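Two complexes, one shared chain (chain A), two partners (chain B, chain C).
For the complex of A and B:
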């Protein structure tokens, strides 16, 4: 149940702070998104630059890069996901505790990028795990990564705690573990997780 | 630096019975290379590294080359007996005809080594080795025991071209996983058909995307 904005302002003037549990809960969640500390390719350099003083990711409470998936809330897929690395990425994602979010950073992570037609590069990590924010760019500038953070924060803010569209950790039915692709004789098997990724309809 | 002919003479003097062929490079650089017989490769490599005059102590690069089977069409003049009717009577006449004969030149895999000398500041000396074919006789001697820097590059060639280096200390795939069966850099590599989503197809990708859609449509109509 949302609080009426005008009433909230009026009460604020009188020194009364009104909020909902949902708002407070989501405020807490979005203000301390701890990313997982791993980089896959050159996008990771931009990710590192984002955490440094000039771009200062600490403003968003997201400067604590955790070296363990158990302590991380978010995964930044920063770079080319090779077919050899993809099972490990999915496995790391499975090891993260809910609630967990994914930012696919850069052309390679979202589609394979310049290596799309290569024999060894996955055509986008969204084929195996659900991605919350995609950022294009090769590599995206730190500002683009900050934009992705803010988009993700808005997304978390808008998540209701009950009913349709609630986060996975509050939904007992939701799928929390995603099948890890197997290294086959010619390609990864399966080539995509049908429950996560369907072939997008191209409008020409 | 000596010319490739002089290097060939020096090697032949040092390693008796060695099979060496000069492969000329017609380009302006004129970097001719030496084709080694695989059975003498180790002794030739050892000589080039340890000889006081060459001291090729630095292996800068190992590359693989895939030469697929090549069909060669040749025009040959053939003389044959033809029965013709000349002035109302049948005669056997000899006639010369041009005929196109095709034969297949079997393919092979090739490995190229570029050697330099840091001590003598000269190079490169280019060595080549060729396998017998592309399918079952793909063994070549490893030069990793001579130049340690060959280790990863030979592993990469094993991975991407399928050349088996005999004597390599740790011959595993380098870039692809162990259970992978193909050799992606070979000319006849068939990639998995994953062209289901191509938002901006062009050129060869457009053809592959169309072929994929045709295959999917064919499968759906068959069901």
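For the complex of A and C:
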């Protein structure tokens, strides 16, 4: 049960701190996001810059880039996802610990970007895995990645622990396994995951 | 029983065992109660940088590779000794040059032996 905001402010003035389990839980979750350490293309350089002293991702509690998906709960798709690379990305996403989040960084990760018409580039990673935050840009500046982090933190903060919209790890019904595509004759098979992405209808 | 000289040792042993096992048990309990487990076949698979693991990690190397190691050593050691020899060449006497010649000939003999044995042909 949420505490009334005005009542909370009034109590705060009197020196009484009121919170809920949900707020505490989400505060802990959003303040210690551990990203997975991998870069796909040029966006990765901006991602590296974001973690360094000038932009200092550590301010958001997300500086611990883990080299193993077992210890990570956020994936930054930093760059072009080729069709050769897509199965590996999806498999790594599967192997990450719950609850997991994805930031699609840059035009390529969102849609294929300048290589959209290419035969070998995936036209957006959200065809296979659920993306929480998209950042446009080619590449996005570190400030944009920080903005994405803050957006993700707000999203985590707003997640109720019960009922509709609760995080995936608390939902027994939620999909846990995301099928890894395989290289077919002409394209990846399946071309998209129907559970997370609906094929757009072309209206002529 | 309490009068036994080993009684205090037994107490310490049980305490030490508990000290080791209790955190493990607590971690297991903590994990069971609170960890958001969503296991599936892909997640439980061996982690290999996103690739599917293939074959066995127990690979055997042929012991015959030692021959390559020896030949490498011949040229490596030769280079190490020839460099100071070449640097000090103008100031060396006949005896030093003779010693170096013997050394190089020894190594050449090793190479000739390897050649005769057919090691240099890649099979």
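The criterion applied here is as follows: the second predicted complex is superposed on the first by the 199 of 204 C-alpha atoms of A that agree within 3 Å, B and C clash if a C-alpha of one lies under 4 Å from a C-alpha of the other, contacts with A are read in each partner's own complex, and residues count from 1 in each chain.
As a working rule, a residue touches a chain if its C-beta (ideal position, glycine included) is under 8 Å from a C-beta of that chain, and two chains touch if they have at least 3 such contacts.
Given the structure is predicted, the values throughout are model-derived calculations rather than measurements.
S.K.: Assess the superposed three-chain arrangement around chain A: do chain B and chain C clash, or do they fit?
M.R.: Partners fit side by side after overlay.
S.K.: Going by the contact rule set out at the top, does A:53 touch chain B (first), chain C (second), both, or neither?
M.R.: Neither partner.
S.K.: Classify the contacts of A:199 with the two partner chains as first (chain B alone), second (chain C alone), both, or neither.
M.R.: first
S.K.: Pick one for A:91: touches chain B only (first), chain C only (second), both, or neither.
M.R.: The answer is second: A:91 touches chain C but not chain B.
S.K.: Look at A:185 in the shared chain and tell me whether it touches chain B only, chain C only, both, or neither; answer first, second, both or neither.
M.R.: So A:185 only meets chain B here.
S.K.: Could you tell me the angle at the CA centre of chain A between the CA centres of chain B and chain C, given to the nearest 10 degrees?
M.R.: That angle rounds to 70 degrees.
S.K.: Of chain B and chain C, which one touches more residues of chain A?
M.R.: The larger set of chain A residues in touch belongs to C.
S.K.: Upon superposition of the two complexes, what minimum C-alpha distance (Å) separates chain B from chain C?
M.R.: After superposing on chain A, chain B and chain C come no closer than 13 Å at C-alpha.
S.K.: With touch defined as at the start, can you tell me which chain C residues reach chain A in the complex?
M.R.: These residues of chain C touch chain A: 36-43, 45, 47, 49-52.
S.K.: Can you check the complex and tell me which residues of chain B touch chain A?
M.R.: My answer: residues 175-182, 184, 189, 191-192, 194, 196-199, 205.
S.K.: Can you list the residues on chain A that touch chain C in the complex?
M.R.: Listed in rising order, the residues are 68-70, 87-89, 91-92, 94-95, 97-99, 168-170, 174, 176-178, 180.
S.K.: For chain A, which residues count as touching chain B in their complex?
M.R.: Those residues of chain A that touch chain B are 83-84, 117, 119-120, 123, 183-187, 191, 199-200, 202.
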